[in-house]
Every structure is written in C-alpha cells, then in structure tokens.
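In structure tokens below, several structures.
Two complexes follow with subunit A in common, the first pairing it with subunit B and the second with subunit C.
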Partner chain A sequence: MSNELIAIFNSIVANATPLVIAGIGETITERAGVVNLSLDGSIVLAAMVGFVAALASGSVIVGVIAAMLVGALVALIIAAADIDLKQDQVAIGFVLTLLCADLAQFLGQGYTRTPGPQFPFTPLPLLSDVPIFGAILFNHQPQVYVSFALTFAAWYLLFHTRQGLALRAVGERPEAAFARGTNVSRLRYLYVVLGGALVGLAGAAYSLALKPGWSTPPAMRGDGWIALAIVIFGGWHPFRVVFGAYLFAGLRALASAIQRSPDIQIPLVLLNGLPWILMILTLVLVSSGALERLTRALPRPMQRWTRGLLRSDPPAALGTRFEKS
Partner chain B sequence: MDIELRHIHKRFGAVHANNDISAVFHSGQIVGILGENGAGKSTLMKILAGFQPPDSGVILLDGAPAAYGSPEAALSAGIGMLQQDPLDIGAFTVIENFIYGSHLTRREAYRALSAQTERLGFDIDPDALVSTLSIGQRQQLEIVRLLALGVKTLILDEPTTGISTEQKTLLFDALRLLAKRDGMSVLLVSHKLEDVIALCDRAVVLRSGCLVGELDAPLTTADLVQLMFGGELIQQKRKHPGTGDVVAALEGVTLRSRRMTVEPFTLRIRASEVIGLAGLDNSGQELALRACAGLVKPAAGRVMVLGEDMTGKPYRAFMQKGVWFSAAGRLEEGLIAGLTLTEHVALVADSRPLLDWNAARALTEAKLAQYQVRGQPESLVETLSGGNQQRLLMGLLPEKPVLLALEQPTRGLDVDSSQWIWTQLLDRCDVGTAILFTSPDLDELVAHSDRLLVAFAGRITEVPDAASVTIDQLGRMIGGAFQ
Partner chain C sequence: MKMNWMTRLAFALLPIIASLAITALLITLVGSDPRAVFERVFEGAFRNSTAFAGVVNFWIPLVLCSMGLVVTFTAGLWNIGVEGQMMVGAIFASWGAQFLALPAPLQVGAEIALAMAGGAVWASLAGLLKVRLGVHEIFGGVALNALANVWAIYLISGPWQPPEGGSAQATRPFPPDAVLPSISNAFPVSLLGLIIAFLAVVGVALALRGTRWGLQLKATGKNPRSALLLGVPTTQSALTALIVCGVLAGAAGSYRALFTYTSLRPLLTGGIGFLGLLVVLLVGVRAIWTPLVAFAFAVVLGGSTRLRVALQLDQSLAGVLQSTVVLMVLLANGLRRRLSARRSVEAPQPTQTAVDFKQEQTAHE
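Entry: the complex of A and B
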C-alpha cells in the first residue's frame, strides 16, 4: 500500500474520532430510552469551554475534564426535564441545541484564533510498527485510542454485563425493568449523564486536537447532527456506529479528493450529498430483512451475534416517559 | 404458602376499587378470582404482588404480617404475578429475559430454563428473540422465570386471553402440577367461567370492589353467574335463520399469507344471517373474514358483494357497498388512541371538509346514551374500559350495513357486556344485516351462529347441522377431527 493511501486512511480515522466518541455516548443515552437531541449545540459549547479551560490552566487534562462536565451538565438538564419535570425531551433538546451553540459563540468571543495547547502526538510503541495497520490505527493523538477503548467498553457493557441488561431493559420496556427491581429513573439519569460526558469529550477532541483552537463560526458546527444520524444508521450498536462514522469520514475524504482532482467534474452539491444517499441505501438494505435472511445460513452462535449487529429497530421505549402505575 | 388478606381498601379517585376485602388462600390450591370487568380483581392481585400499595389493610404471609412496596420485594417474599400482557422485553432473547432480574450466570440460566420447561412440558428456544414468540410462549417463559426465582405463590391475570386451545391445555396441566405436586398457591384471575370451572378448587367472586362470595368445587356456571351478576343469565336463542337473498359471496377463493394458504372454498352469505367461523389461531378463519371485507386480496377466485364483482377492490369500496369490518385489536386497529370520542364520531359521520363540532358533539352524546358508553364526549378513547370501547365501536358502525365482518367481537369482555353486544348485533340482523364473525370462544359460536364454518390448517368446511352441534363436537372439529 502506498504511503499516500496510508496517510489518507490515517486521516479518515482521525477525522471520524469525534463522531465515534459522540456516537457512542448518544448510543448509551438512547439505549436507556432518552434522546439527547442537543448534540450539535453541546459539542460546540464543550469544545469552546474545553479549549478555554486548557488555555487558562495550561493543561489539556483540565480542558478535557471541563468539556466533559459541560456535556454532562447539558445532559443532566435533559434528564431532569424529562424524568422529574415531565417535559418533552425532544423539545428541550432542540432548544438546548440552539442555546448552547449561541452561548458558545457569545462566551468564546475573546478567544477566536488564539493559539493554545493541544493533545500531543503519541504513536503507540510496538503497535504503530505493525505494517499498514499500525500506521493507520496507532499513529495518532490519544483521543483516537480512547475512542477505540470506548467502543469496546460500550459493547461489553451493553451485551456482556448484568448492568447492560438493565440498561437496555430500561430503554425497551421500563415497566418490566421496574418489576424486576431496577430503579428506572436512577439508571436513566446515570446513562444520560454518562452519554453527555462523552459528547463533551467529543467536543474536546475537536478543539484540543482535530480542529485546534476556537473560531467563529465554530469548525465543528453541524457534526452533532451527523453524530445523531450515525447512531440511527448504526442501529444503536457500538460497532455499527463506529462503522458508520468511518464510512462517513471516508466518503467525505473521497468527496474532497474528487473535488481537488482536475479530471473529474461532479457538482459539489452531489458530492456532499453522497454520504447521506449511501446511508439511506444501507438502511433500506438492513431493514428490508434481506441481510437477516442471509445470516440464517450461518452457524447458530454466529447468528446471534450478527442478529444484534443487523438490528434496525430503535429501543422500544425511546423518547417515552416512564411512570409507575 | 398461606396468604391472608385483611380489610384491603384501595381507591382511585372516586372509584372504590377494593372495598374492605378479606380472604384466605391456602397452599396447594388453585383459586379463581372472578368478577366482571372493573370488579377490582386485577387491582387486588396487583396489591398482593407489590405493584400497588393498598390504601389500608394488612397482608399476612404464613401468619406473619408482610410489608412490601415493590414487585421485587413481593418476589423475594415468594409472590410472583404473570400479567395479562407478560412483562418481558421483546428485544431480548429468551435467555436474557430469564437472566435479567435473577442472580444466575448464563450457564446456570440455560440449565435452570431447560429443567423447568422440561418438567412443565413447555417448549421454548432459549436463543429466540422474545418478540418472535406467541403470547402463550411468552406466558410460559414468565412462569418458568418466576419459578426459578423461587415463588411459592403464582398469580395469573387473565392468562387464557389470546392463546390457543392447545396452549391453554398445556398451561392448565402445568398449573395443576404446581399446585398438587409442589404445593404452591395458584391464583387465577379470570372472567371466563369455563376456565375457572375446569381448573379451580375454589372461586372467590368480586363485584364492584366488594368480595361477594366464595364457592368450593364442584363449581357450576349457574352458581357463579348468580354471584357475579346477582341474577341468572338467559340463554339467547336465534330468532331468524337467514333465508334472504345472497348479499355477499366468496366464489372458489384461494387465500395466501406469508404463513399459510387457504385452499379454495366457496361461501355465500344471505341477508339476516349469522355465520360463525371457528378455528384455532392461524387456521385460516381470520384470512377468510378479512377477504370478505376486501382487506385480503384473494390469490384466485372472486369476491362478490350485492351481485357485483369486488375482487381486488380496496376496503373503501367495500365500505361504500355496506361491508364493514371490526378488528380484534380495538386500540390497535379499531380506534385511534389520542383522539376523543367526539373526534371518532366526526371521523365517520361527516365527510365534508369543514367540521361542525356542535353537531358532532350532539351526535356523540346521543350515541353514548344509545350504546350505554360510560364516558364523556371529550375524553380520550384510550381512557375507556374495554367494554366501553367495544360499545363505542358498535356505535360507530352504520345503522343498517349489508354485512358486518367481526373479528372476535367480544374479546376480553365479561359475560354481561358480551351479551349486550350480541343483543345490538342481532337487532341489526332483524333489519337485514348479515354477520360473519370469528371467535376463540366455542360457546359464543354455538350460541349465536345460524351456520358454522370450521377452519383447520387452511381447509374451510361447513358444519352440516349447525343447529344441533354441541360445544364438544365443535371443539373436536377445530382440532382437525372433522367427520
């Protein structure tokens, strides 16, 4: 594989990382039955606060913590509005999207185009020496490795632990969860806030690494909606969410490569729309059941695994409020 | 485990759902909790199973007062409840459902599940998704799950609604084994007299929130009806076997669905006639009924209404011809949750672009009075009880349709409401309406049908002498023993 191609794949992984982190966070939140619609605002606000905190303290760690707190706080508002104040989570999320984005621009006025600290470049010893894969996957700043770890952690939590059963049950059928002794409200608070903290981390992954610094309009504006779409595309499964994020980043890279090439003339609008068209086609393929029928030819243990991966239904109680009878 | 309830009270707003109820349930017994819809039986059982706290009153378990505030606490006290709609999680596999809420590891769970199912004669694939199971299988899963959690008392809320006859037999055998061999207490909430008579050692009858009587086996319909309604039921007799003109017909029709094929058959329906379609779940009777209303397009053959070929036409065209369909799932297919009663009436009564709300409200009030629906014009339809929803549906049908195709017209209704519904239906027959209906209830089929058709594995056959057929004979026919 040519060095140029390796460099392209390397940058796809790096570009997809904030989407992966935010997507995993939102997946956990939605699996618990709550939609955090505020992503496009909370990522921007977390990015700004993370950058400013890092600038003021001189420590990227402080910046990361500040960004995660912002994400968690916004999520806490949504959880409280839904669970205790009985307000519509979608409406609240939408309002918070707009509020956070404007708040970030207002509070960040004095910090535009200011140079500040960023994550160090940290190739992983040994792993980065593996041919091709090492250069693509392990030759990055730390947030990329964190996103790998988060993906496996989320998958393990959801499908291999007792906590994961309770988490999914709360999002599927809270009445049944309640009958089995699960504290539905507490778990929803927990996972909404945890998911929000990861959304905040995604903000820091922009402002302290991928698109360092702060600018107006914010460089990451719009990516929150993309992360939300990727969660749906990913069928609420961590591995598919990651696949969706990489696919999206890959198509974006392809689009800009084609745009730069003098030989190919494709309208820019069409190129920008390409990732979405492909995602819709994939969704149609998955939900048509054609893929599922194919998997019946597989041996049984594999069937169970692929069935989880191919599911396209949202958590059954997503967006609904639970009230004890 | 012996259970004693002392002076249980529970109010919901103005409704006194449980009024000073005291009762004793002994281990090794199957006790039927009987009563009309809204008599308070489900409320009482939910209190016993920890889903709701009583307003006042005491529960004694083996003589010791028990205080628990949640279903989980009731479970650890040994009381488990199977809800009418089993409280499981559709997106989980059977084994995940079994593990969740227990302390079993995956391996222990597989072993416990297969041990329990084998003992009770159930058959559930541990790796299947719960959403792909039938209601009967989901009940079986809940029962073995509760048993694995160590319950000593099992409460079942209307378990025979929506399951096939074979599954009912399997369930009853399992309950007898649990009570007689394991010495468990089994409490069966039901409004179906035949289930209680077949299974229970004792029956406790509730009426309007009060305990009105207890009876020991042998139980008889007459005694139970006397207690439930304070009066004897009069067996309805058909007055007018249909001899009118043919109003609708399926001519050599073949029906196909993803699951099954219904072999070619012919059915001619005459005015004023009541035709019952008997059969186990998915034997083909549901398809035949829907084909008559144009909801299923035949793969071959013709559908005629009033002499016109309607094959392949949409339901709307059938409605314009006077053919109306009513689905078993009242809230799923029949009514629209989120709309008020007035909006329902306006939806069918008025086809002009602008709505006249005053007229619609007046019409609604008239209909509510005429059909004895307990509810306000502006209340949401899902807040009505099942019986009142069915009455409203009746009121939404036109006064003089040509043919009514009814899927389980009295599903989930008590004897009193069912009888009321049938009185209304038969009144329409007097003015020439033909009725075609399905029912899992053999009593209902035999009592009301002029003609009977039996569906078995996609074959539909007419019972030669419907007037003299007995319930036993019909039961054997739907099981495939057609003579």
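Entry: the complex of A and C
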C-alpha cells in the first residue's frame, strides 16, 4: 500500500473519531429508551467550554472534564424533563439544540480564533510499527484510541454483562423490566447522563484536536445531526455505528479527492451539500426495507447471517415515556 | 386537581423571571451590564417608528412560519424543515425578481406565488421522504435545510453573479419594480406582507377549527393508527399539512428576499423558521395566541439587532433568551403537573393510595 493511501486512511480514522464517540454515547442513551436530540447543540457548547477551560487552566485534561460535564448536564436536563416532569423529550431536545448553540456563540465571543492547547500527538509504541495497520490506526492523538476503547467497552457492556441486559430491557420493554424489579427511572437517568458525557467528550475531540480552537460559526456545526443519523444507520449497535462513521468520513474524503482532481469540475460550494445527501441516502437505505430486499437475492444460508448483521429495529420503547401505573 | 389562581399566576410568571435572571447572569459573565443590555433591547424595539417597523418586519415572516407550524404540529409532524422551505421560497422569489418581467401590478404577486410554490415543493420532499421512504421528518428536514442553503450559496456565487463580477455575500439588489413597497419612509413595512400575515392567521385558525380537513389533521396528530382505522386518509393529511406549512414558509422567505434584503443572500432566514418552532412549542397549537407570542419574540429579535454596535455583544443573546424562556416554560409545566398530581394523591381516596403504595413496594424490591 502506498504511503499516500495510508495517509488518506489515517485521516479518515481521525476525521471519524468525534462521530464515533458521539455515536457511541447516543447509542447507549437510545438503547435505554431515551432520545437525546440535542447533539448538534450540546457538541458545540461542550467544544467551546472544553476549549476555554483548557485555555484558562493550561491543561487539556481539565478541558476534557469540563466538556464532559457540559454534555452530561444537558443530558440530565433531558432525562429529568422526560422522566420526572413528563415533558416531550423531542421538544426539550430541540430547544436545547438551539439554546446550546446560541449559548456557545454568546459565551465564546471573546475566544474566536484564539490559539490554545491541543492534544499531543501520541503514536502508540510497538503497535504503530505494525505494517499498514499500525500507521492507519495507531498513529494518532489520544482521542482516537479512546474511541476504540469506548466502542469495545460499549459493545461488551450492552451484550455481555448483566447491567447491559438491564439497560436494553429498560429500552425495549420497560414494563417487563419494572415487573422484574428493575428501577427503570434510575437506570434511564444513569445511561442518559453517561451517554451525554460521551457526547461532551466528542465536543472536546473537535475543539482540542480535530478542529482546534473556537470560531463562529463553529467548525463542527451540523455534525451532531450526522451523528444522530449514524446511530440509526448503525442499528443501535456499537460496531455498526463505528462502521457508519468511518463510511461517512470515507465518502467525504472521496468527494474532496474527486473535487481536487483536474478532470472533474464541481463547484466547491455544491460539495458542502454532499454530507446531507449521504445522510438521506443512508437513512433511506435502512428505513425503506431496501437492504432487506437486497439480502433476499443472496443464497439462502447467507440470508440469515446478513439479516442479523443488517438488523436495524430501534429499541421498542425508544422515545416513549414509562409510566408506573 | 385544580390550583388556585395565585399558584397559576406564579407558574406563568416564574419561568419568565427565571429566564431573565439566567440571561442577566450570562451577560454579567461576559463582563457587561444586564440593565444596560435590557434597556438597549427595549430602545432598539420601541425607540421610534423606524425601530418598531424593524420589529414588525421580523414579526411578519415569524408569524407566517408559526401558523404553518401550527398546522404541521396539529398533524403530529415535527417540521424542522421549515427553515429550508423558507430559503427555497426566497430562491424562487429571487428568480422571479431577476428573470421575470410582468406588468407592474402582477410582478410582485407572481414572485410571492412562486415563493409559495417553492416552499411547497421543498415541504413535499420532506413529506415524501417520510411517507414513502420512512425517513423521519426531523432528519429529512435537517438535510433539506442544509441543501437549501447550499443551493442559495451556489446560485449567489455562481450562475446569478453579474458578468462583471459581484459579491459572494448577496445577489445584486433587485429592480425597484420587483420588490415590495414600503408603507412610508418613517414606517418601512410592507402593507402586502401585513395583509398576507393577517390572512394566514385567520385562514389557519378557521381551517383547523371549522373544516373536515382540520378535523382529519387533529385525528392524525392524536393517534395516526386509530385515525387510519376510522377511515381518515392519514398519509394525505400529513402531506397536505406539510404543503400548507411550506406555502406559508415560502411566503415568509419571499418577505425576507423581496423586502428585508431586496436581494438573495446566504442564511437569509436568520433562524426565523426555528424561532417559529419555539413559538409553537410555547403556545401549544392554540392558533389564537400564536401572533401575540410571535410578537414578543419579534421584539427581542428586533431590539437586539443593535447590541453589537452599541455594546459589542453578540446578538446570539436574543436566541439565548428566547430558547431559555421556552425551556423554562416547558419545565415549569411539568413541575406544575407533578405538584397537582401529588396533591390528588394526598386527597382522601383510600383505594387509589393503596394501589400506589403497593407499586412503590414492588419498585423497591
């Protein structure tokens, strides 16, 4: 593999990382039956606060903690509004999207284009020496390795622990979980806030690494919606969410490569529409049953296997409020 | 359980006071004086007739979008795509203003009609994505919003550039015959815009209250499955609701292009469509209150346009205040319901409390 190609794949992994982290966070939240719609605002606010906290303290660790607290706090408002105040979680999430974005712009107005601290570049010893894979996967800033660890941790938590079973039960059939003695509200609070903290971490992964600093309009505006769509595309499964994020970053890279080539003349502005067309296409692919129909064309023994892989039913109780009575 | 009027009043005022307090705190945080800011906003809205005209010029597109959103919310749809529908309306109107040459009385009317058609097309795209391809209207809407903006930027920086080269920030100003005239220099508001806004309020209120279509929308919004079983054409209801909203949002976009800016520019909607969503979240779908709440929001918006010049403050403060109010009102609604529910449990209804107690026990097992 040529060095140029390795560099492209390396940058795809880096570019996808915030989407992976936010997507894993939202997957955990939605698996517990709650939608945190505020991503496009809370990522932006967490990015701003994370950057300013790191700048003021001189420590990126403080920045990361501040960003995660912001994400967790926004998620806590959504959880409380849904679980205890019985308000529509989509409405609250939408209002918070706007509020967080405006708040970031207002509070961050003195920090635009200020240089500040960033994550260090940390190739992993030994692992980064593995031919090809090492250069693509282990030659990064730390948030990339964190995203790998989070993906496996989320997968293990969801499908291989008792806690994960309870978490999924709360999102699939809360009445049954309640009857078995699970405290549905408490678990929903826990996982919504945990997921929110990861969304905040995604914000820090932008402002302290991928798109360092703060600007108006924010560099990551719009990616929150993309992350929400990737969770649906990923069928609420961590590995498929990661696949979705990489696919998305890959297609973006491909598009800008096509744009750079001298033979094809596409105006640069139209290229900005591409992520959104991709988003609609991927959602159409999973929700219209087109994938299902494609699998039927395969030989029978492969059908069951692919269907399991492509299963994309949302958690049954997603977005519904649980009433004890 | 009913509450006395004082508690009701407290629950109506509390969220607003809390929002003002939070906003004041944020203003202090960036090193400015809240009192000076609030005074500036008030002055900016009511200083003189020109300033007040600025408020009305925000109110007209905002009320158009809000009435459209009352229709889609009634049908149970989250039409986040209203921003894009507004933008495409502005694009269609701008096309008419630049390339259509009709006799004077027809010209502006044709442009507004084009804008309405454009908004309807964009809204029906979101509708078709939902009913035919199963893409939720929130995601379809978000994507179509972004695409509408990309389209506008493309036209401004490419095909609609004057041959001698122009700005990437806006098209050339439209010819005087192609834009909406002002009532007067002292009160620069378009009379036609006011009339269309008024017709939208009355028309939507009547259509939802008194027609078969309005009833079908309500049934679809309340419970689509049983509505379908009762013979309501739910797919058709959803699509027509979106198209009506698209028509009104398109008209709102034409007002921004043909009056406010007299040109097409990127981000021309100024977030007014999203603000319309906030208005409707605040009033529920009670059409009557919509114009009033929209007016209050327009005052904040119009009043804060000069904040940057006067106090070096970012005008996103207006958005912060508006969305904080909506958040606080929604949370206060929940709190009020929770308190009144608790009171009804305290009331002497032995059978019910016994049941509740049992369930509490299972919860702690």
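Going forward, the second predicted complex is superposed on the first by the 280 of 325 C-alpha atoms of A that agree within 3 Å, B and C clash if a C-alpha of one lies under 4 Å from a C-alpha of the other, contacts with A are read in each partner's own complex, and residues count from 1 in each chain.
To be clear about the criterion, contacts are C-beta pairs under 8 Å (C-beta built on N, C-alpha and C of every residue); 3 or more make two chains touch, one makes a residue touch a chain.
Bear in mind that the values here come from a model prediction, so they are computed numbers and not experimental data.
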Report task. Look at A:G181 in the shared chain and tell me whether it touches subunit B only, subunit C only, both, or neither; answer first, second, both or neither. Result -> both
Query raised in the report: Just subunit B (first), just subunit C (second), both, or neither: which does A:R300 touch?
Result: first
Report task. Quick one: classify A:F94 as touching subunit B (first), subunit C (second), both or neither. Result -> second
Query raised in the report: Looking at the overlay, does A:P262 come into contact with subunit B only (first), subunit C only (second), both, or neither?
Result: neither
Query raised in the report: Which partner does A:P131 reach: the first (subunit B), the second (subunit C), both, or neither?
Result: neither
Query raised in the report: Who does A:R173 touch here: subunit B (first), subunit C (second), both, or neither?
Result: first
**Report entry** Residues of subunit A touched, compared between subunit B and subunit C (which is higher)
**Finding:** C
Query - Which superposed partner A:P315 touches (first subunit B, second subunit C, both, neither) - result: first
Query raised in the report: Residues on subunit A in contact with subunit B in one complex and with subunit C in the other?
Result: 178-179, 181, 325
Query raised in the report: Any idea which subunit A residues touch subunit B in the complex?
Result: 162, 165-166, 168-169, 172-173, 175-182, 300, 304, 307, 311, 313, 315-316, 325
Query raised in the report: In the complex of these two chains, what residues of subunit B are touching subunit A?
Result: 46, 51-52, 70-72, 75, 87-93, 96, 99-101, 127, 129
Query - In the complex, subunit A residues that touch subunit C - result: 37, 77, 81, 84-88, 90-92, 94-96, 98-99, 101-103, 105-107, 109-110, 178-179, 181, 183, 216, 222, 225, 228-229, 232, 267, 269-270, 272-273, 275-277, 279-280, 283-284, 287-289, 324-325
Report summary line: Within their complex, subunit C touches subunit A through residues 26, 29-30, 78, 80, 129, 132-136, 138-140, 142-144, 146-147, 150-151, 153-154, 157-158, 271, 274, 277-278, 281, 313-314, 316-317, 319-320, 323-324, 326-327, 330-331, 333-335, 337-338, 355-356, 359, 362-363, 365
